[in-house]
Amino acid sequence: MNGVTELRRLIDENNEKLLDLLSERGALVSHMRNLKEKKGEDLFDPRREHEMLERLIKANQGPFPDEVIRSLFKEVFKASLGLMSRKTIESLRVYRSPGAKDKVIDVSGVTLGRYPQYIAGPCSVEGLDELDAVAAGLSRQGVRLLRGGAYKPRTSPYSFQGMGEEGLRILEEVATRHGMVSVTEVLDTRSAELVAAHAGILQIGTRNMSNFELLKEVGRIGKPVLLKRGFMATLDEFLNAAEYIMAAGNNDIILCERGIRTFVKSTRNTLDISAVPLLKKNTYLPVIVDVSHAVGRKDLLEPLAAAAFAAGADGVMIEVHHDPLVAKSDAEQQLTVNEFAALAESVRRIIPGAAPAPVKRMEDVKCV
Amino acid sequence: MNGVTELRRLIDENNEKLLDLLSERGALVSHMRNLKEKKGEDLFDPRREHEMLERLIKANQGPFPDEVIRSLFKEVFKASLGLMSRKTIESLRVYRSPGAKDKVIDVSGVTLGRYPQYIAGPCSVEGLDELDAVAAGLSRQGVRLLRGGAYKPRTSPYSFQGMGEEGLRILEEVATRHGMVSVTEVLDTRSAELVAAHAGILQIGTRNMSNFELLKEVGRIGKPVLLKRGFMATLDEFLNAAEYIMAAGNNDIILCERGIRTFVKSTRNTLDISAVPLLKKNTYLPVIVDVSHAVGRKDLLEPLAAAAFAAGADGVMIEVHHDPLVAKSDAEQQLTVNEFAALAESVRRIIPGAAPAPVKRMEDVKCV
Amino acid sequence: MNGVTELRRLIDENNEKLLDLLSERGALVSHMRNLKEKKGEDLFDPRREHEMLERLIKANQGPFPDEVIRSLFKEVFKASLGLMSRKTIESLRVYRSPGAKDKVIDVSGVTLGRYPQYIAGPCSVEGLDELDAVAAGLSRQGVRLLRGGAYKPRTSPYSFQGMGEEGLRILEEVATRHGMVSVTEVLDTRSAELVAAHAGILQIGTRNMSNFELLKEVGRIGKPVLLKRGFMATLDEFLNAAEYIMAAGNNDIILCERGIRTFVKSTRNTLDISAVPLLKKNTYLPVIVDVSHAVGRKDLLEPLAAAAFAAGADGVMIEVHHDPLVAKSDAEQQLTVNEFAALAESVRRIIPGAAPAPVKRMEDVKCV
Amino acid sequence: MNGVTELRRLIDENNEKLLDLLSERGALVSHMRNLKEKKGEDLFDPRREHEMLERLIKANQGPFPDEVIRSLFKEVFKASLGLMSRKTIESLRVYRSPGAKDKVIDVSGVTLGRYPQYIAGPCSVEGLDELDAVAAGLSRQGVRLLRGGAYKPRTSPYSFQGMGEEGLRILEEVATRHGMVSVTEVLDTRSAELVAAHAGILQIGTRNMSNFELLKEVGRIGKPVLLKRGFMATLDEFLNAAEYIMAAGNNDIILCERGIRTFVKSTRNTLDISAVPLLKKNTYLPVIVDVSHAVGRKDLLEPLAAAAFAAGADGVMIEVHHDPLVAKSDAEQQLTVNEFAALAESVRRIIPGAAPAPVKRMEDVKCV
């Protein structure tokens, strides 16, 4: 056993010396940063890094193979660069800093992030009476957030593209009438101001998650943004999209998981339920789940809404239509108001504490 | 309006005549089936179908384009063939027939399918004392199903491949000692009998979901089978894999969703939570979720276990190890017994009625 | 055999009667269309369809089960609706009509679609001298199409976002100097006109393939568009994106396969090589392959460029930088001019007739 | 500039000292390995590593944050463990060692890996005359490798499962008659010996790539193995599957890319063409492409076969049937012999030097 004990002691010493050298390097690199910043020079110098690596490889006598030395020093360089740069991954504004409290977004007294909520309404605004019927029904169920598209991004240029500005006016009128907050999609930088003038919350759709100019624009405008995850986006890309909005000065962001594209065919998309706790853990923003677009069929909405709340979601978005059979878009996945009421009741039975409870929530709404 | 009304009447008549013709065809085809079966001839005759299509295309005068006629008649032919064949999609044994009750699998008094359960234990059996420590702890938490691998399918041939037969004996001894039912993986047709002699439930792993010879063999043996979904399998393929076991005479099957492979990198796999209600709806078998393999990290197990039960799962499988830091496989995703106890308590708080309640369940266990 | 022969005759008769009824229906439906169009009514009437189905199910006496009848009539209804609508799938303008010739796009005498071409240049325009060095080198290799980004869509808001308008001016100057045609990306509807004033071909990047407002805008502007496939887009969605541009009046579209997102990790994306012959077959547009973004590493560009041309691509896009080690974006995937020259020579050796042959092509270039 | 120059010198010194310490550590760790191996102890000691990390974190005074120190030392520990272990990634037998020559597999004089080849034949062996017709036709085209399944892995237990042992005998007889080498699939460890007694090359299908017991068994038997990539396997997993065969003593392995499962719907699978140059680069084994299963449709086989050879494939596998219309499996993707001949001629026109040239190859075949 003697040999092993002695070797361990020597390795411990080696550890300490490595730590000292690394700390020394950290100090050198901090000086370098100060110098470079004064001169306005780039912190990362790929040529210099390349030369250092070449010299080290030349000097390497083993026993570590060259590739291992190269890879270890690349890690050291990366860590040094991390020290130098102001905006590292850890410092994205969207990330939760230690001890940070969950953000609560408050629009005219309706909150997201304080307790669970439904965001419901038709896929598209199709008319004043139609929307009013849905909003009245949802309102009776305690729903305070009304969704409805005025500009619709459709795969085909020949599909119904939404009612446009008239749709915005209808949405605003109906939301006001029922004391609800409206959520509607923005498609173009040129019309973002117009949408913001009529809506409570601006939605960035899944196809526009990486439309960075649009993200900057809704960041600049400053109204709360419901940002949908791209159906092909990693969580890292999703958070960087939110960062675009924050970098433009707007922190009122609601993150929305809405299903990703996979090989699975039984549902329209695959609901990535793990994204909910991951986003809650890594950010301080409200996280919601759009179950309707995740699966694209009515028969799974109830268990998935329950699962979303159980996983910690702050809200569930569901498409509800006054008469789904004649809906101009997404006909097969929209619920009637009665079906929605039944769903909400079932969900409350499964997860009593974690699901929206309409009556109590009503008090929360100021008269608008 | 007159014209539209009249046209509608004519279209209704056309509908009725089409229905009559289709029913007539159904009768003709049923006769054909009887004749063919007597002669032992194949029901599907691609040449004949090809000729019929050619003749119809030749006769087509419009207004439907040829492709539309071809496609409509292919549907008619397919429907006719469906009438002829005994084993259509609808008649797979694995499918839930109308009004069918949920299957309850009972192994020595421990049930799956009656109320929610945990299946827990280490990734691999690593020794008698080690497994006993885990089983004792789980047992105190009311867990009645003990998992543990004796034969491990590992990506590299140089990784730990499991304790083999000795592992089986340890698993049996420990399960018996604590009145638990063991679940362990079968890797090879040649050793399936041996595994069955020691284990309560035979597991087919995700890599072997389409190892059809192995499915036939565990079907023949007749012990309950926990069938994991292939990480690349559609639900249709999953149900056909279960059908292989049923076709060999064994209906005691537990379906296990364990995550699928997608582009997402933040979790090891992507938990396809929608599969739970879909499998419950389409089959009458117990459905469980292996949350450990779905995500491959400890920090998401609690919200996902809650989500799985909320979505209707009959069980949740979790890897629990006596000392995860030194686990021979899956070290980063296994919980300690204490961590498992905390998880179970949290899950019960979120979904009181839908989560396993250890004390009540204990009465359910006969002494073995 | 008698019975079978007789049954076949009866089935043939049944076929003919079905065909007659379907054709009759086609005629009725065409009348209906004319009536409805005069009144400006919607062609699709989901309520009416719903009622017809209910009536048919009620009338169904077997032997076909109700689901089969429902599904067959849905096909009939769909075919009828197809007859009624002007813009069916088959009539998308982007689709190749029978006998249509391949489209050749000609920009100042440089063609795409006549013979194979390279489109090469740096990821981003980084300065006048830098771009000039690359353009001079490429020009000597017979490359006539110069790529370079002035507006860069970057995952992080803190990454280099391109030189903007200055980059556009540099690109124009360098392209003019070397008699090349420039290709550069458009990110925003508000700056599309500006980009068009400086560039020969407007690129829509992979993240903006479904930015429909941007597609309409480049359609309206009318300059040739290089449309990249979304990295998570089906070919159907890709063709509909092209259709947006055509519907706005612009048929000069180059389709670009650039890799899709899959579970594979050894390359940045997965080059969907099958897309090349599929797009060539289904459309009449030039099809190119961006091999640099498809794999994101230098060592695979040569075999993949050869594969792309062998599969029928009209062009291959490759990132070439004056000094890849210090590139501001995509450093690891850009070639030097010499590496590009070696690649082009190797590709010509593998597929002599199908690869670009610089000298001959030179004659093709008018002085600009 | 002075400050920067001086800091650079100090950083260079720091580099050198780090290198010295790392080399010293390498020596210590090598001693440790020798000691541990004598005692038969495990090289990896997670507890010790855990303790070292805790001590280092305690000692860390900055400026690097604790996470960075933890991550850097983990890299150092991993590198050390790499030194200790005999079987690191770099030392997998399947990897190409520097300067290694490409392996040529020779079965009765027919080679794979020397020049491009086709492997062709029906999906399933369906009868003696049927197979003979195909083999005669292919033989006239210079094809020397005859594929045909006797045991078929089918999604449904009620689909045709192959002719079994009779199929093996037919395949052997026909291959012998035409001087061809047969390739056929092995499904079960229990029948592997039987298949090996009749076939020239044993195929492991895509669903069995991770059936490790079967891999060990064909490794033990020693006949050449055509290993298909799992349709959801990374290249790393693919190479480890080959390593299972090599570890069991068999180096005669042909790697086969056959398409992966993605979100794309226009082809049955997505041909991962980049896998060809990646596998050629990383291993010394012959690499082929199964274009029929990759796309599942006839109209794309020609451009994809050309692309495969252009990318460097040693062979292309294509399903050819005596009468595809009546094929018992894969009817829609099999070519007739004449269609195959036309394909081969087109491919030779596109890539003259890289495609199989039947006549010259004939001389290569010894009489068997």
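Which chain is which? They are A, B, C and D, in the order written, and residues in each are numbered from 1.
By our rule, a residue touches a chain if its C-beta (ideal position, glycine included) is under 8 Å from a C-beta of that chain, and two chains touch if they have at least 3 such contacts.
Source: prediction; values computed, not measured.
One rotation lays the C-alpha atoms of subunit A on subunit C, and its angle is 180 degrees to the nearest 5. Distance from subunit D peaks, on a Cα-centroid basis, for A. Subunit A and subunit C have Cα centroids separated by 29 Å. Distance from the subunit C centre to the subunit D centre is 32 Å, each centre being the mean of its Cα atoms. Inter-chain spacing, taken between the CA centroids of subunit B and subunit C, is 39 Å. Counting partner chains per residue, subunit B has residues 232, 236, 261-263 touching two or more of them.
For subunit D in complex with subunit B, the touching residues are 46-47, 50, 87, 153-158, 187-190, 207-208, 210-213, 216, 230-232, 236-237, 240, 243-244, 247, 261, 325-326, 331. Within the complex formed with subunit C, the residues of subunit B that make contact are 3-4, 7-8, 10-12, 14-19, 21-32, 35-36, 48, 52, 55-56, 59-65, 67-69, 71-73, 75-76, 79, 82-83, 90, 261-263. The residues of subunit B lying in touch with subunit A in their complex are 232, 234-236, 260, 262-267, 270-278, 281, 294-295, 299-300, 303-304, 306-312, 349-354.
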